[in-house]
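So, here's a batch of structures to check.
Okay, so chain A shows up in both of these, paired with chain B first and chain C after.
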Partner chain A sequence: MTSTIPRRLRTPLAVTAAAMLVAVACSAPGADETAPPEQAGEDAEGPGDGQEDTPTGEVPDIDADAINVGVLAPTTGTVAASGQDMLNGWNLYWDEHGSSVAGREIESVHEDTAGDPSTGLNKAQRLVGDVGVDMLVGPLLANVGLAVAEEMNRQQMPVLLPIVSADDLTQREQLDWVLRPAGWTSSQTTHVLGEYVAEQGYERAVTICNDYAFGHESCGGFANTFTDAGGEVVEQLWNPLGTQDFSTYIAEIQQADPDVVFSEQVGADSVRLVQAWSSFGLTDEIPLFGNDTLLDQSLLRNMGDEAIGLQSIGRFTEGREAPATQEFVNAYLDAYDELPSYYAAAMYTAARWVAEAVEAVDGDVSDGEAFLDAVRDVQLDDSPMGPMSLDEYGNPIQDVDLRRVERRDDGRLWNVSVETFESVGQFWTYDPDEFLDQPVYSREYQGIE
Partner chain B sequence: MSLTTKVKLGLLATGIAAGVALPYLTSPFIIGIVTLALVFGLFAMSIDVLAGFGGLVTVGQAGIFAVAAYGVGYTATHLDGGHVLQVAVGLAAGIAISVIFAIMAMRTSGVYFLMVTLAQGMIVWGLAYRLAPITGAENGLRGILRPPAVSAYWTYYYLVLAIVALAGGLLWIVTRSPVGLALRGLRDGEDRLRMLGYNTAFHKAYVFVLSGLFATIAGILYVYLNQFISPAASEFATSGHGLLMAILGGTGTLVGPLIGAFVIVFAENMLSTYVERWTTLLGAVFVITILFARGGLVGMLSQAWPRVLARFGHPAASGDAGAGSPPGAALDGTAHATSNPHGITTEDDQRSSR
Partner chain C sequence: MTMEFVFFQLLNGLSFAGLLFLVASGFTLIFGLMRVVNLAHGGFYLVGGYIGLTIVLATGNIWLAALGGALAVGVLGVLMETSLLRRVRGQELPEVLLTIGVAFMLGDLTLAFWGGDPRAMPLPDYLSGSVDLGFIGYPRFRVLVTLLAVAVGIALWLLMSKTRVGAIVRAGVDDREMIAALGINIRLVFTGLFFFGALLAGLSGVVGAAFLGLVPGESDIEILLFALVVVILGGLGSLPGAAIGSVIVGLIDAFAKALVPELAFFTLFAPMAIVLVLRPEGLLGRRA
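Presenting the complex of A and B:
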């Protein structure tokens, strides 16, 4: 053991090891600001029996009389930043409103899915089997959500998905125990955009979307309504997730000479596409319209002047003037020193949804089906995302905004509302039965006839 | 029977007894994690056969693992095949892809072998993402149910335990067979082996397919465990995980990768509940393992064993009574001769003679 290490190396190695342990013990600078509010949230309203130092989601403090909510969000791995946003939004609601609903405490137990379906599934099992939660909320990624939803549906555990937008979960492959309060389908917002863009007189569109399910579905929504309203999709480009260099795609777009471009991108791809768009001088030449994620607040934080003036469609607009939105945005800004992304807004709204449903069943969530019925019946007259209620398939009917990026007085970028489309459902203006006879949007099927 | 052998048999018996008793002692969640660790243990063992015994470091094993899992998943979801057909298709797909990979990689070694296997793994990952009609792309394939007889979590656990034990036993026999000897020959001196008239490329391909067979079995067990498969299973990270499990536990030991799998799977699924920065902690463990115990956990234990004996005055190791004194090369030699006759011997001998 130690004897296999040369003597001269032992001290430096011991120091390295010690330093690593210290690094583990202390939080990272980024985590510093985010972790404590989460615990503070549980403390402030909790039973107050000494939870001060419990790490996120420690089990032994579970209160048997409380309603336990398992929150699945990735706080490590590639999507950790957005996962943290989810937790922030969720915790902010309980901080503001207190965690006591209908005479019962709401206890949130967070588990990290690490953005991996297998880990997410195990964590869900732990929350259900060992912790004994009454429902699951989250996660972020579609593949994790699908894995968890399928298994928990078998176990008859209510699953609420405010972020996971895979179309078929509330369309062709509905699961009885899975609902999307404050959630959405990928094509729900882009349906609106396609028709709007066509109505503005644009005729030839090029789409550039990520080559995976979310991209196919977002793009399909746009292509379907754009062509139905008389437009022509002249070319569809599919860039892989993690595209480093958009110059070849930009060149193809220039060659196709469209009069409008639609793009769905997520994460760093959004930042790079917007940068490339500006540095190739296309900002003033070809109008670019994005989906929810292209210009989400979580990405605007990393963008500069190149994003100003770009338009996108979205179900959460941080610059929406309604008081419900601005109160939430300012409270979030106070608590976390940044503007809320749609991840935060959806989880915040989902928390309210849960609270109202628990209220409706008088705090008795032991009957999962009755609780889910209560979730279905919740009507939010107003929320940071506007009014919302679930359709008969379990997906929200909600307001969708056309948004434009502007710079605030404090120097931050945000989206402001240009036009609001009220009460948009997942099938847009199509007949649900006819819509469901079509296959789900994919690379092969984009709704273009 | 030497004392070390007795200890080993004792540990083995304890391990089996604990494995059988486990479902009566703990929760479904823990059983789920243990089952996952067993599956990844088998996967890591399949990597160990190549990397530990043959010195052929593969970073594309997840490709084979995933192809087998997708074979099962596709048959279950698209063809509505019965479980026998599902497993048959999974096995056939896994073995077929192993043969193809083996032919591609058989003439390379060292870093070139590593690059070829890396490419192979990435190809499978890319296809898993792209071939949406077959793989369901990023959303994966869902609803791959277990056979009714093993649908309960604990019956499935026993099945996995039995198969992993059996597969581990088979691998143990293989590594001690002439094939295993040739494999070690490949690692220690491929040129010499070729000079002696061995067809080294053939042997590599043979062992590659053999290793692929066990990765295939692990893949099939994995898909029935999760009842779900997505491209995440074919990612480079999965291959990397398997390799790390083998290194952490001790390459060239077979039981090491299993132990490594337990450590890593438990860290991922349990530690993360309590420590937000569990990845850093795991990283520190890797660094410490590489620096302080290059034989992995198993290597470290088998080195420490003679010293424990010495503490208690056992004659076999009395030479090392002074704890602070550097160990004699002879002692290291004996330790390996009795407890670890293969694998890390050469490496450690080189180190002690340095």
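Presenting the complex of A and C:
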């Protein structure tokens, strides 16, 4: 997900965050006890999440012989729940497989970005400067990811982005030190969906997406291939992040009278749209197709019958029958008593990616460029998300599923695979050079001629 | 724009107004007598919603949830009034800062207790689904929210204008010192009113949980913002003002999002700014 916080909420949220910082700093007894003396003072403000044996808000003792991985994930703030999923997935891999790779210990050091670009950048700086990490993995939000990626690229620090999906990071504005193992571009999956929906015989689509970069890119992917395959986009609605009441948009959709609707939403907006869709009785009237985030497991956990039967496109399908997926899903369920979201699956897969790359360089990550080359060369024949490898731009070629929400025997909702599209790249079937000559998807450019 | 579309948006606006009135009425009641701008009202709403949600998940009974959420938050309000607000009575800035502090604490506590995932209140079958209004179908729950708001509004109006309690409260709004001099325990009245205002916030939180869903740190702030616009428009402390303000904000929200989506927030705040310039006391407020 590449959400950003609505501008009007930033100030109150910042104050909230400040209040939280104080609360966390005050409520972490003994946080300073094991910290190196020279760092104890400046750590007082850091609400880090307890990761393995790292107490809250402190820089752990660093094993000089270990490979240190800085993990950036928000565990406070509005996206804290998904940030926790990221950590859960990442930790599960090392718990299962042991943290020793090629004779070296992999030490993960988590820092909380709080979902804020400047906090994220500060924490990244600290991981690099004070802790001396060998690479950074994460974060969650696109604005945080962009801030971290640009600065760390300047400092020649390897940055791996399994979640941040801003299209241009592996398209028109590639950074040498930034790769997306187990990652994606926002429009990578929706390209598949647009063509699929057109091939099902739907002709008139309305799109409703969040009015910011992730929404524009997700929607652009759908609109581009849907219209190329002969469909017509009759109306595009852009709702602000944090839309409280979807009834107005429902009315507009009904008025436009489409035969299919595509929607990208994140977080609470997903829950509200799905709720509104059902309460206004559209479930049986107009087919709704979602992007990855609309019906991600992180939201399905808190949805009810209204979500059953809804279809979406996605690169992780927790109900996929493949053994690699089900082993991961069951292990995650045992460990955390919930089904994994794509945040968890991508971080789990990224952990394996890192392990294989470290193996390939025989545990020597001192040469950052050589390590990144090893990351580029990793080929996962199978993973919870299916086979994966990076294209020459640093973004995975991966399987994408059309998914449908069903209820499991244990009562939980999950996505099952309806159809799998293999080896999907970020440019879909377009020629990369021609594709890159077009501007990045935006509200103005949706790939509709 | 077809007639159906206009009618549909009218219903959307009015049902949203219903929720807004439930939130704003408690807010404006407290302000009217106590002159406290209770910025923890959004936090009360959020806590009410979560308690309601927990009760629904445990018992499946939405009415029990509404009762439990409302009462629990009413008690929370009493605790806040007696243990915190009473100490800074009459000092405006400390009062407001105190309520902000409580608002943040409530937001963080809900995050700690119920987690950061957005939640939605499941509704029983007889409340979900839609009613046939002749030429369009409309969600039953939203219709009920509108009716509930009207019923609460009428009950509040009767309470304030026909009962002794209402008379005391109205007299208190006009002249607090006089009321105290007449031998009425104004402290008790304050606490009682705070209980009642918080109770309404808790009830609206349960309704809002089914209407809009719950997100800690977001739902509370957004609803507080809407409530502030409503009461500033209608006049701080005025119940009829809260009703009119709710309807105006609800309708503007519905039609502006449809007609000028880029300006949805501008159209919400512009009328408030105009009212503040031309009639600082609000449409139905009285000059202080």
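Everything that follows uses one rule, which is that the second predicted complex is superposed on the first by the 391 of 449 C-alpha atoms of A that agree within 3 Å, B and C clash if a C-alpha of one lies under 4 Å from a C-alpha of the other, contacts with A are read in each partner's own complex, and residues count from 1 in each chain.
Just so we're on the same page, contacts are C-beta pairs under 8 Å (C-beta built on N, C-alpha and C of every residue); 3 or more make two chains touch, one makes a residue touch a chain.
Predicted model, so just to flag it, every value in this text is computed and none were measured.
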Which superposed partner A:D245 touches (first chain B, second chain C, both, neither): second
First, second, both or neither for A:G98, with chain B first and chain C second: neither
First, second, both or neither for A:Q254, with chain B first and chain C second: second
Which superposed partner A:P117 touches (first chain B, second chain C, both, neither): first
Partner chain in contact with A:G230 - chain B first, chain C second, else both or neither: neither
Touched partner set for A:R443, first chain B, second chain C, both or neither: first
First (chain B), second (chain C), both or neither touched by A:G132: neither
Contacts of A:G201 with chain B and chain C, given as first, second, both or neither: neither
Partner chain(s) touched by A:G309 [first = chain B, second = chain C, both, neither]: neither
Doubly contacted residues of chain A, that is, touched by chain B and again by chain C: 9, 13, 16, 20, 23
Chain A partner contacts - residues on chain C that touch it in the complex: 1-2, 4-5, 8-9, 12, 15-16, 101, 104-105, 107-108, 111, 115-120, 122, 128-130, 137-139, 141-142, 211-213, 215, 217-219, 221-222, 226, 253-255, 257-258, 261, 264-265
Residues of chain B that touch chain A when the two form their complex: 27-30, 32-33, 36, 129-130, 132-133, 137-140, 142-143, 226-228, 230-233, 268-269, 272-281, 283-284, 287-288, 291-294, 300, 303-304, 326-327, 348, 351
Chain B-facing residues of chain A, complex: 1-5, 9, 13, 16-17, 20-21, 23-24, 27-28, 31, 35, 55-59, 75-76, 111-112, 114, 116-119, 121-123, 125-126, 129-130, 142-143, 146-147, 150-151, 166, 211-214, 216, 442-444
In the complex, chain A residues that touch chain C: 8-9, 12-13, 15-16, 19-20, 23, 77-82, 84, 237-240, 242, 244-245, 247-249, 251-252, 254-255, 267-268, 270-272, 275, 278-281, 298-299, 301-304
